[in-house]
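Both complexes below contain chain A, partnered by chain B and then by chain C.
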Partner chain A sequence: MGEEVKKKRPAPDPNSAKYKLGQIAAKAYSDCMEAKARGEMVGWCASNFPVEIPETLGLSVCYPENQAAAIAARGGGERMCSESEGDGYSNDLCAYARVSLAYMKLKDAPEQNMPMPDFVLCCNNICNCMIKWYENIARELDIPMIMIDIPFNPDYEVSDAETEYIRAQFWGAIHQLEKITGKKWSDERYKEVMEISGRSSRAWLAATSCAKYLPSPFNGFDLLNHMAVMVTARGKKEAAEAMETLLKEYEDNHEKGDSTYHGEEKYRIMFEGIACWPWLRVTSTGLKSRGINMVTTIYADAFGFIYDDFDGMCRAYARVPNAMNLELSRDKRIKLCKDNHVEGLLVHTNRSCKLWSGFMAEMSRQIGRACDIPVVSFDGDQADPRNFSEAQYDTRVQGLMEIMEANKGGRSDGNR
Partner chain B sequence: MAIDELLAQFHEIAASPRKQLGKYLAQGRKVVACAPVYTPEEIIHSMGLVPMGVWGAEMEVHEAKKYYPAFICSIMQTVLELGITGKFEGISAIVIPSLCDSLKSLGQNWKYAVPGIPFIPMTYPQNRKPDYGVKFTKASYEKVISDLEIATGAKFSEILLAESNRIYNEHNAAMREFAETAADHAITAVQRSDVFKSAWFMLKEEHTALVRQLTAELKKAPADEGKVRVVTSGILADSPGLLEIFDKNGIKIVADDVAQESRQYRTDVPEKPNPLDALAQKFADMDNCSVLYDRDKKRVGFIVDLAQKHNAAGVIVLMTKFCDPEEFDYVPIKRACDAAGLRNVNIEVDCQMVNYEQAGTMLQAFKEMG
Partner chain C sequence: MFTLGVDIGSTTAKAVILKDGKDIVSSSIVVATVGTDGVSRAMENALRESGVRREEIRFTVATGYGRKTFAGADLQLSELTCHAVGVHREFGDVRTVIDIGGQDAKVLSLNEEGRMANFVMNDKCAAGTGRFLDVMANILHLDISQLEVEAARAVHPANISSTCTVFAESEVISQLASGVRIPDLVAGICQSVAARVASLVKRVGVREQVCMSGGVARNAGVRNAMEKELGVRIVYSEHAQLMGALGAALYAYDKVQNDNL
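This part shows the complex of A and B:
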């Protein structure tokens, strides 16, 4: 057997958005490690917790969901999931939670390490699974848990009662954290953070909306990587700058007719759900080999928070994808499909995410009808490689492509 | 009435909810379905409506598969299946709380799968104990009242709610007394389940009267000795096929931490000038349940205490497959039971179970552990 010959990649351009975003994502971990080494308290934080709170207080936090995705993408998902299962956790539980609970116990994962927490910041606007997962961490490690409850909103708008409930909890969390860490809240600092987070969000949303151009100036799989910065660092100045660089690159690409999607963009789809991190290459190649560009995903909206004041922030965190009712979730996706000239919808039925997958069948039927596009789904998982079948994925994507092909031929005006 | 006659009545009601529905509808009453785990039944009752529990059924799922992937628990799947196939015909509305992720999607699917029966969401706060949480619970109750008025034409009155709160507290007390009495007197696991299950299909004042009679008769009966005493824990424990194995092996349920059973009856509506405030406070006071936020996992210690207080040999966890909240709690429960020297076993259950052989082997092994 011959040795694998590795292609030498060109050195990355340090001024590129990709480089900057990669640096910020890596720095999120190293900053936390350094803070811990200095003796500062470090928190573990849910991905859609109002990051403005720890950022304003100057707290170092890291993100178990992001870590689990990184571990899974680098091949450690099954090992870590099995570890938790050995402790009695069902293999039907969210794989991010299983990876994280295993990490809590082992305190080491070569794929992605991060410091152990002195407190946890939980917010259930993405799922109630978060509550149970963080309860177990807080109890096991005997550390404080800051819990912000943003209930699933069955209505289209966020009610005054809900806003008031969230506002009271935000202040409750701030005061609890001040007490635990000794740090102080500053209104001026909050204003700065709000502005930076708004800047990052506006640039991110504008960058992702460049998919409106034909062809798209980017490969949608880029978004899956770049969103890590929106999760972990949207309140930081470097993130805002890097997102603005990303937007500029995408606009420039469009001007020059260039794209990070290499090859001819024959079909444009929306991808629904969290990425299949253990099978990222396979899922990406399955599309690329057929000339399919995944131009948009709800992630674009998920981590873009734009608001003007504290109450606006409360409402923004109540309008994240998994906290919204079917109609609002559907309408946001229909808008993405229409704005970005989407020709097909590929749905990841994610074994780890009961909420995301729980009403996806009905919602995607409605999106398909409203946009007159085909919808196919495949079974997978965000971190457990055992819940994905390459053959099924390939068959489903092929089916989607064939319908999109037939639709193109069948349309007399030739427009997309 | 003799014990056997009373138990036969409970069994008849527990086994035929459709008949109960027909009976109330024939009386000209309007019926509102209540999905797991907690709904403000007191409000529904006070408006002259009949609340009836819907916790799924032992059946195969066909139609609900168009809405749910396979990895959602069979309670949600079969509630939806029953709705789609017209088994809830005649019901005026369904109240669905959003206490777990699968319940959140049940409400969303319901709107399109069962358009003939209005969906009324009940949004509970998880930070339910601080004043702002109680206030949010009350606001959600007010929304439910308004939705019920629209769906049924019934009107809300605080005076009537105060009366319903009292009726529900009485029922709670009757159920607690029954559970304690059943711990030491001869009643099978299947019969015990019938008493709890029938409560979901009857007006509570009617159920209280019947339960009190049974408890009084049980107290006169001889003590039930020589059995392996256990505590059950889980969402549901109502499968006759499974419970018969308990009886066959001489395993006696002396207390439970089951969502469909005793978890419903632990907390009373407190005394307060405004009955809606009092009802909101009841939710704030509730604890020891997998779907209610609890940093300290007081539920774990509660289960161990429950077992020790009732001289139980151990805890039998009946794990509803795909139930996240219960699956997360299981690990600390197991560890606490081990540390306390309590036997414990985890038996996975779902509504599509047709073969109880594995459960039988596990229960037999549990019995022999001692």
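This part shows the complex of A and C:
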């Protein structure tokens, strides 16, 4: 019997954006581990807490949401969720929270470890569940919690009063952190960090907007991987450089007629909601096998922050997707659909995110009508694999494809 | 020219043989779950009944949850498109299709040409589907075909508030224990399915004419409750359960014609 010859994967190009971004995402955890080993204080930080604050203070922080996504994507979601449920946390709670609370207890997850925190930085602009989740961590571990309240904004713009309210809290957080860690705030350093964060954000948003090209120079699922750097390291110089490399690669792909989406791009859709991490391959393959490229998602763009001063930072963090009203949310998505020639909308009804999924039915109905595109939703979860059915997903995606095909005036060749 | 449509659903396999895209020469429904020999039995039954030989079938379209496992298909399509095609052939004016199958419920919005423009399906749970009715009939020791008759005898339909099949099962058992009459319970069960599916219909928008397809459409208890919920008349075909397979066979015919196969 002949031995199976396995094809070796080509070594990754160390100058490629993919390689650089992968290194930065991994380094975010190893840097935290090393800081902890050196005896420095480290924090756990909410994804939409202004990273510029710990970065300016020179503090190492890691991100429970990002860790939970990594654990879920690598197959540990159910184990961790079950662990929390065994401790009495409801199955209805956000799965990121359940994974994180399990990790706090177990202090080990082979899929993605990170050091235990000495303080937690919480910001409720992305969700309110986070407040109780972080309170539990702070209480269980007997560590300080720094909490920033960013109210849900019913208006289209961020008012001066809201900016003032947030500004006061940001300064309060800075002073608390100085007290807890002994680190000192520097306006000069803040300016540097703000500029780097802006540089990363500009490059990232320009890269995601390359979906305007036909065909798209990238597979939209790439964005879900690359955005990890925007969450964890957007204030770091290496992140800005890697994002600029990514933008250049996408522009070059367009020039050369190349793409990281391999195969013919027959249909272009927008994906709504957080990725279904435990089923990432299934959700991606279900689209790709039918020639569907998910070219854009509000989720990726949510981690690009561009502003010029401290007040601008306050306003930027008050305009993250889950803190804004239905009309603004809808209009931002309509713009993404129109700018990127989207032909259909695939909505992830995410059992972990009640806020996001709650107004999704009405919002997607309005988007579908404004853009004259079909809208299809499927059940899933960002980290708990039990809330997803592959067969149901497949039928919905095929139905979406058949409508898009009919809208082009053709007849479907089905899924063979 | 003969074309074949097979609809491999979660609880039944259906086959329709169509002549020249017009006449149903034979059909078959076999109660069997996906992954069993149900589909080949349904196909063999249809071939035997029609006298058509397998090699005379020009094109075969498979649909339903088991569509991917059926090796004999020339094309696989979702049951959504197939129900749209099937219903449009039966009722040209239909704009809203309610298809309640064994394990899921779908609402399709059709455009003027009869093509599916949008759709909504039930979420992951099987409430508001044929499975829900099966479970309830089982508790009451009734055959599924008796539900319609029992529902018609109801005097004070019971209120089944749970939409979850498992919770509703306990609710029905406790109402039985407290002396609620079976006809009233059955009417409540039909009402519960109708209410659940009606919320899906409203998401798509009720545009007349409204048609029910799928196996549950044969149940007048659910149909009547649905009409009441939506405030519209609902049409249905004697081929309601075969609509997916019929649509598949029609699609197969069109495919051959349009692509000169």
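By our rule, the second predicted complex is superposed on the first by the 401 of 416 C-alpha atoms of A that agree within 3 Å, B and C clash if a C-alpha of one lies under 4 Å from a C-alpha of the other, contacts with A are read in each partner's own complex, and residues count from 1 in each chain.
Methods note: contacts are C-beta pairs under 8 Å (C-beta built on N, C-alpha and C of every residue); 3 or more make two chains touch, one makes a residue touch a chain.
It should be emphasised that the depicted structure is a prediction, and the values quoted were computed from it without experimental measurement.
Contact with neither chain B nor chain C is seen for A:Ser30 once the two complexes are overlaid on the shared chain. Once chain A of one complex is fitted onto chain A of the other, the partner contacts of A:Thr349 extend to both chain B and chain C.
Judged by the touch definition given at the top, the superposed model places A:Gly368 against chain C, while chain B stays out of reach. More residues of chain A lie in contact with B than with the other chain of the pair chain B and chain C. When the two complexes are overlaid on their common chain A, residue A:Ala138 makes contact with chain B while staying clear of chain C.
Shared-chain residue A:Gly172: touches chain B; no touch with chain C. Once the two complexes are laid over each other on the shared chain, residue contacts for A:Ser90 go to chain B alone; chain C is not touched. In the superposition on the C-alpha atoms of chain A, the part of chain A touched by chain B in one complex and by chain C in the other spans residues 349, 361.
Against chain A, the residues of chain B that register as touching in their complex are 66-69, 71-72, 98-102, 104-109, 111-113, 121, 123-127, 130, 132-133, 135-136, 139-140, 290-291, 293-297, 319, 321-322, 324-325, 327-332, 334, 346.
Chain C makes touch with chain A in their complex at residues 61, 65, 68, 75-81, 104, 115-121, 123-124, 203, 254-255, 258-259. Taken together, the chain A residues at the contact with chain C in this complex read 349, 361, 365, 368, 374-377, 379, 387-389, 391-392, 395-396, 398-399, 402-403, 406, 411-416. Taken together, the chain A residues at the contact with chain B in this complex read 87-90, 92-94, 97, 124, 127-129, 131-133, 135-136, 138-140, 145, 147-149, 151-155, 159, 161-162, 164-165, 168-169, 172, 325-326, 349, 351, 354-355, 357-363.
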